[in-house]
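Inspection log for the structure reproduced underneath, given as structure tokens.
Labels run A, B, C, D and E following the written order; every chain starts at residue 1.
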Amino acid sequence: MFPLVSVTLFLPLLGAALLVALPGVSTRGAHALGLVVSGLTMLGAAGMWARGAGAGFSQVEEVSWMPSLGAAYRVGVDGISLPLVLLTVVLFFVSFVFSANVTERARSYMALFLLLETASLGVFVALDAILFYVFFEVTLVAMYFIIADWGHEGRQRAALTFFLYTLLGSLPLLLAILGLYLGSDPRTFDMRAFIESPPLAGLAAMLAFIAMFVTFAVKTPIFPVHTWLPAAHVEAPTAGSVILAGVMLKLGTYGLVRFALQMTPDAFRVAAPYVAALAVFTALYGAFVALGQTDLKRLIAYTSVNHMGYVVLGVAVAAAATDTGVRALALDGAVLQMVSHGVVTGALFLLVGMLHDRTHTREMGELGGLLRIVPGLGWLFILAAFASLGLPGLAHFPAEFQVFLGTLRVYPVAVVAVLGIVITAGLYLRAIQTAFLGKPSERWHEMKDLGRREILTIIPLAILIVGIGVAPFLLLDVIHRTTEAIGL
Amino acid sequence: MTSVALTILGPLAAMVAILAIRYAAPALALLGVGAALIGAITTLVGVAGGARYAATLPGLPDLPLRLTATPLTAVLAAIVAVVSVFVILYAVGYMKEEGGKVRFFAQMSFFAAAMETLVLAGDWVLLLAAWEMIGLASYLLIGFWYEEDGIAEAATRAFLYTRTADLGLYLGIFILISQAGTSEIPRTLEVGGSAAFAASLLVLLAAAGKSAQTPLQGWLQAAMVGPTPVSALLHSATLVAAGAILLIRAFPLFPPGALLIMGALGGVTVVVTGLMAVANRDLKRLLAASTSSQYGFMLLALGAGSPVAALAHLTVHAAMKSALFLGSGVFQHARSSTEFSKLAGIGRERPLVFAGFAVAGLALAGVPPLAGFWSKDAVIAATYESPAAWLLFPLALVGTALTGIYVARTLRLLWKGEKQNEPVAGITWMGAGLSGLVALAVVLGFALEPLTRLVGGELPKDLLTVMLGAGVALGGLVLGWFVSVDSLLGPLRSSAEKGFRIGGGFEQFVARPALAVARATDTFDGGIHRGVLGVGRVGLGLARVSRLTDEKGIDGLIFALVRGTRSLGHRARRLQTGLVHKELLLAVTGGALILALLAIGTLAS
Amino acid sequence: MLQTVFVALFGIAAIWFGVVVFTTSSMVRSALALLFSQTAVGAMFLAMQAEFLGVLQIMMMATEMSIMAIFMVMYMMDPGGLMGMDMTHQKRLSQAAGVLGALVVIGIVFLAGWGSIAGSVPPGQQVHDLGIELMERSMLIFETAGITILTAMIATIAVALERRR
Amino acid sequence: MATLIVALIVGAILFGVGLYGSLSQTNLVMIMMGVELMLAGAMVNLVAFWRFLHPEAYSGQMFVLIVMTVMALEMAVGFGVGTARFRYKGSVEMEEARDLKG
Amino acid sequence: MITPEVLNGTLVEGSSRMLQSIVLISPQVAVLLTAVGALSFEMLRLPKVSLPFTVTGLLVATFLGTQLVGANATAFEGTYLVDDLSVWAVILLSPTTALTAILARLEVRDTDREGTVYSLLCFATVGALVLAGAGDMMFLVLGVLLSSLATFALVAYPRDERATEAAMKYFVFGSVTGAVMIFGLTYWFGVAGSTFLSAMERLGSAPLAAGFGFVAVLIGLGYKASFVPFHFWAPDAYDGGPVSVAAFLSIVTKVGGIFALVQVVRYLPSDATAWLLVIAGVAALTMTYGNLAALVQDNVVRLLAYSSIAQSGYFLLGVVAINQSDLAIRSLILFAAAYASMNLGAFAIVLVVGRDLRSFTGFGRTNPAAGVAMVIFLVSLVGIPPLAGFVGKFLLFGAAIDAGFTWLAVIAILNSVLSLGVYLRIIIPMYGRPKAATSLSRTVVAVWTVALFFTLAIGVAAQVLLGQVA
């Protein structure tokens, strides 16, 4: 049957190759091409969604690459990866629409983004450990160049920190994959084989788990290895930080579920209390630091740390849960949180980007009373902010509800993380109050509201935010089918 | 079942229409709320006829969302619908010259829909969702005139207060669902033992937050900066009632210990906020304090063990208090302020409105045969018959007295002084809304009987309490009218307005304990306020510290690493002298070292 | 027993001349010392009944050392050794290395168990057997040695010749 | 048995002297002499091993021949490189050869 | 078509074992004849013809090599092994020499005795092939000697002060270490009684002498494959001599030396675990020293010299795991292929751009294609997927971990991160402000295109290689 997954995966790469190949393309042409390609990829992803994902891995496509080593090109999706694929294609399409105003070196900008799209999709659909690692590294390289070339003032240092952090972080994963490979008796890199019969046990499994956890902790990020996130976000171009927050953080959490949880289940179960404690601390820490921020972008970056803390809490609870019901509940919450965080934080970064285009500052103090002047942008920011603080009826509530419900059942004391909701509420309201409400200072009088391009970018995300909040079952049915079947 | 759907979807559709068409907002809003009323009435009739509607919507996996129409919820839905209609009617007039009609009516319709969902919700998740939605609506509506300074701060404070208290609801729900395994409210209430006690206390915390009981009543005072229809609808009849509604619906869950705590909390609130009302200089803030106090009554009734009395008082209070607020709205328009000093003599100027205002006030004070008397009497009777009568009954009496005092004082202040008759635009619409509610305040007393029978439970009646209640109410009124506040409160007065917001009452007998209680609550109130924002300040401190560690600590590490390797590189390079003989010597010594290692290795193994 | 005496004698001669090579200040004298040292080594071969190797060694070394002397004259500033120049550097370190190296090897010689000692060597048979070894077992080795000699010739010429243009 | 030990000791000492020579001398030719001595030591070892331990294994003698070739070729190419060096630098001293370093 | 089956089938009855042996070493003979042919064309005053002849000769040798894939026999009574290692050495090293010869042409185009360069290159390759298939001690000595002698002359070829100094130092270093190796080997002969490397299993009887012999061999081959602490000659020789010779030294003779070490380690007595630990120690030292020293170089050729020293450290990962993990041989051969292609490409571009790091500024912008190729070579040297370097290193790490040297694999991984820092110092200025545009001659473009093709092909189609190796 038609290899839809592979086609969708390599379509952006084809676009990037096309852009590199014909240097004569004008800026507008490059934007148009980027849009068309990412649009087609979105169609492909919709096709994949239509085909649906069963309990295990479905739509699997396999081409032998190194049979004598057991490495092959294997791609496929399941309930956990399919929603993330959808999230990726949507966010990329939206950021392509948004970055229509990028003028300098637009061609290579588009090519890098298309490459990044293929790499991120690759990570979610890869079923072969080497392929997963290859795409994992390529996302890193692409993002480095995006930040380094199109970022703001301190971009070089931020890009370098980002690169060194995640590269050093990704090496333990390489060791873990090798460990798994050498542990599996018919020597193979097939992740499905790792999941069905976890190859390692005892100390080796624990070592592999720790290695994997370090890599994904850097990528998620989790406290103490999270300092690259705010620096990278503040310096990255708007579209870059939308992708960085929307998609790249999910690589870490997706890896945590796919590798740490499914491939070394008993090791994770032993380490679950510590991971849960760290997750709760990260969540609260993220919220507190966000409260201390005056720069809007850093504020949102730290709230991402908070939200990712909830995801890791969900996964840790799932690992520790004995009965499948609670495990499914916590995992559903974690996966849905990933998707909704992608949409909400993506929208927030876009809005802050639009604000930055107009005011060239991200300091809340300097802004004031903007709701009167730019009502469109203002109200959308309020919608996204309320979604981010977990207001029911919007994207984050169903996910956080499930995570906390699951947490209460397994680690009652860990539910102190709920305090995070109030702190986030406090910081967002303070942000809205200082930036949007109150008397508008005359500096911003001539500011004009959202342009057509900006509306086209933000409206789909707003619809998604309300959609996921009101009707989470559309996503949850698919996710639940897989999380139910995960028998650890 | 369509009627239940209509009650919710009516206002929701109106909201969408208003936002879409952005024209004729008031009409559309009225239409929406009217549809809700029709839906609620038909549901009520249906339910009265014995029908029970239930609908399940797909929600979270194995936690579906449910809507139920039981007698209790149907009655509540009807109350909300009725009050909404009248307030929206009034708001049409109130907002005539005001800008932002589209935003206002859209948010009001949104609120109505959310309130109906909360009332009709059959499972905890939907209830929690609606609970937070009305919090959002209150935030938006309080902050309607967000340009004026102070309003945004008040809206934020209101939302944060309720949000912090809502944590209690979150935790309570988690406990209930995990114990009962399902999110269906009736089934979760049979959960017993310590879980039930913990859950009930948590639910009580959330309800106290929403219904502005002490110590969480600070936000309601601040919320008065919103437009008056908002205060009328949200901050008197519906939103603040959500706390009481939640407690009434979750009543079976409460073990006796929790009931006592609830009753005590209610009683304390009645007295404290009553004192505040008495000493208040601003009409709307007075009415806000009185709202907290009246909800204290309902908690008293619940604590006394008769949810039906609480329901009755809730119903009646909704009508009376929104009427009073609507009246104050008219006065506000006339004198463009709600300070008593500015409102002197407005009574004479607007005799008709003042008459309605007075009737509603008297009903509130519990003057027979108005509606307030019946419900207040039921509450006093309930506290009298309850096992904890020794605590609850005296508090109820003092509360009634205080109510009498501040109603009378308000009327007196509004009546004396000469009139300056400025025109008030849209008086006809406002009049219509106001008169409807006043009529209700009068008539509703008689409707209580059939209502309680419908809900299945019967109003406690006791001749002694009836006489005593009426007597105390009249005494309060007389005191309020003739004795000036200074003589009533004495030393309390000055400090009361500023922060204590606590009135005097009987000098010796009441002052000292009230003052102590007031000071305690105020510091507590300030503490909570600082607590909520303090978390931020503490957080800020912590945040600033953690932000510093971020930049200095961990990033520094990475670049120190880079510098370290470079210096190692230079040292390695110096080894490369370029002189062959030195290099040869190094090579030979290297070989000798390897040989030595090897020798040790082979000998050791 | 006689054999041990002869081997020891020639050994000492070889070592002594070896040391002289590096201690004399004159190049020519050190070249001659090396010549005698190598011939002493050849004599040791003869003493150990490896006649073919011994003769070969002596003849080869005679020619080789004379060539070395000629080159030394070309390259050295003071071939005659008149000024008594000491052309050494890092003296003590290399002494230590040399002595240490020798001691280590001697240690190994004593400690290692060398297994059974062969009594005597079949007379008159050596050259024939060496030829067989050369032609059969180590055929490719011999060829490769030949090729190495060829490469050495080409390399030396390529390196040493003046650049025409 | 004694002769073998004596021969091996001679070989070892020759190796030692050769090593000392090649490390301590500044002149290329002297270093080559050192190498010659080391190789001579190796040859003594080989002949001793052949004679006393494995008389029938003629590969030992073959090895001696190979070592002789190595001695000869080392000297040949050594002088070749020395000549080139002498032509372009005027000396074959190790001390002068220090331009390439680091 | 000479296939192994045909060999064993018909030919053996017909002729003596000698003929069969000669057929087995036909590729080596072909390289030898090419060398001689190149020289003869020089003598006939036809220098223009000698390069094409050399290249065709080498390609013929490669073709002969491909016929022998999968053969596992010994030629000349076991002295020379024709197994995976030596056959693949032919298949990998001959084309590399051909490409290096083409590169050398740029540097030696119209100087006199141009033909000798190509013939010396071929002779050195013969030396390397002899080393790769060494079954006898003497081949170790002859292999080291043969390749060293040829390359002394090549390094001295430019005949200026720097080149002769480099050649002299290289000669002294080579002869001393060669002498030490020979001295050590005598003890192996003494203990084992035969010069066959396979006879070294009997070394267990005298562990001390065997140990001394092993260290000596390690010194000799260490010099050849430039392990630390025997690498001191390499940077000066690469820098002094022509860049093409540096490329040759860093690939052909190094791979020959390492394959020789494999042939030695393969037959070591099984209880000699300490010897493997020693090699692992040397590996860790070589990798770290190589990368650290490369981090601070400004001369690109010296930088690549140190990076090639570091890469030989990675080779040792495979050598250490030779008897424990079946992955070892395959990883060594694959990494050799990957290393040859990416290193050659890098040297080709450095040849054109110039020795100084500053001459690289803006190169990526003025020559985009060559710039991208250089980035790919360097990134592949680091081991970033999906290029050849990654696959090779990945297998090496796998082999090391399989053989229980996990700590060595961790050091190797940390070193590959360190090497990223090294290569970024070249890549980053390449995309700085462009200065003068460097013109690329057609030959260099041809060379790095071939190298680029192999770097990408090996990365993606590693299976083709892996399938062949047993």
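Everything below uses one rule, namely that contacts are C-beta pairs under 8 Å (C-beta built on N, C-alpha and C of every residue); 3 or more make two chains touch, one makes a residue touch a chain.
Just so it is clear, the structure is predicted and the values come from calculations on it, not from any experiment.
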For subunit D, the least number of touch steps when starting out from subunit C: 1
Of all other chains, the one whose Cα centre sits farthest from subunit B: C
Innermost chain, taking as reference the mean of every protein Cα atom displayed: A
Best-connected chain pair, where connection means C-beta pairs in contact: C-D
Between subunit A and subunit D, centroid-to-centroid distance (C-alpha), Å: 67
Between subunit C and subunit B, distance of the C-alpha-averaged centres to the nearest whole Å: 105
Distance between the centres, which are taken as Cα means, of subunit E and subunit D, whole angstrom: 26
Subunit C and subunit E, separation of their C-alpha mean positions in angstrom: 32
Two or more partner chains touched - positions in subunit E: 136, 138, 142, 145, 149, 152-153, 156, 159, 167-169, 172, 176, 180, 183, 187, 190, 208, 212, 235-236, 297
Shared interface positions of subunit B, touching two or more other chains: 562, 573, 576, 578, 580-581, 584-585, 588-589, 595
Subunit A: positions in contact with at least two other chains: none
Full enumeration of touching chain pairs: A-B, A-E, B-C, B-D, B-E, C-D, C-E, D-E
Residues of subunit D touching subunit B in the complex: 19, 22-24, 26, 94-95, 97-102
Residues of subunit C defined as touching subunit D within the complex: 3-4, 7-8, 11-12, 14-15, 18-19, 21-22, 27, 30-31, 34, 37-38, 41, 44-45, 48-50, 52-53, 56-57, 60, 64, 67-68, 71-72, 74-77, 87-91, 93-95, 97-99, 101-103, 105-106, 109-110, 114-118, 120-122, 126, 129-130, 132-134, 137-138, 141-142, 145, 148-149, 152-153, 155-157, 159-160, 162
Subunit C-facing residues of subunit E, complex: 18, 21, 25, 32, 39, 75-77, 79-80, 111-113, 116-117, 119-120, 123, 126-127, 130, 136, 138-139, 142-143, 145-146, 149-150, 152-153, 156-157, 159, 167, 183, 187, 190-191, 205-206, 208-209, 212
Partner subunit A, residues of subunit B touching it in the complex: 58-62, 125, 128-133, 136, 143, 146-147, 149, 151-153, 155-156, 159-160, 163-164, 167, 170-171, 174-175, 177-178, 532-533, 535-536, 539-540, 542-544, 546-547, 550-551, 553-555, 558, 562
Subunit E residues within the subunit A interface of the complex: 330, 384-386, 390-391, 394-395, 397-398, 401-402, 406, 409-410, 413-414, 417, 420, 460, 462-463, 466-467
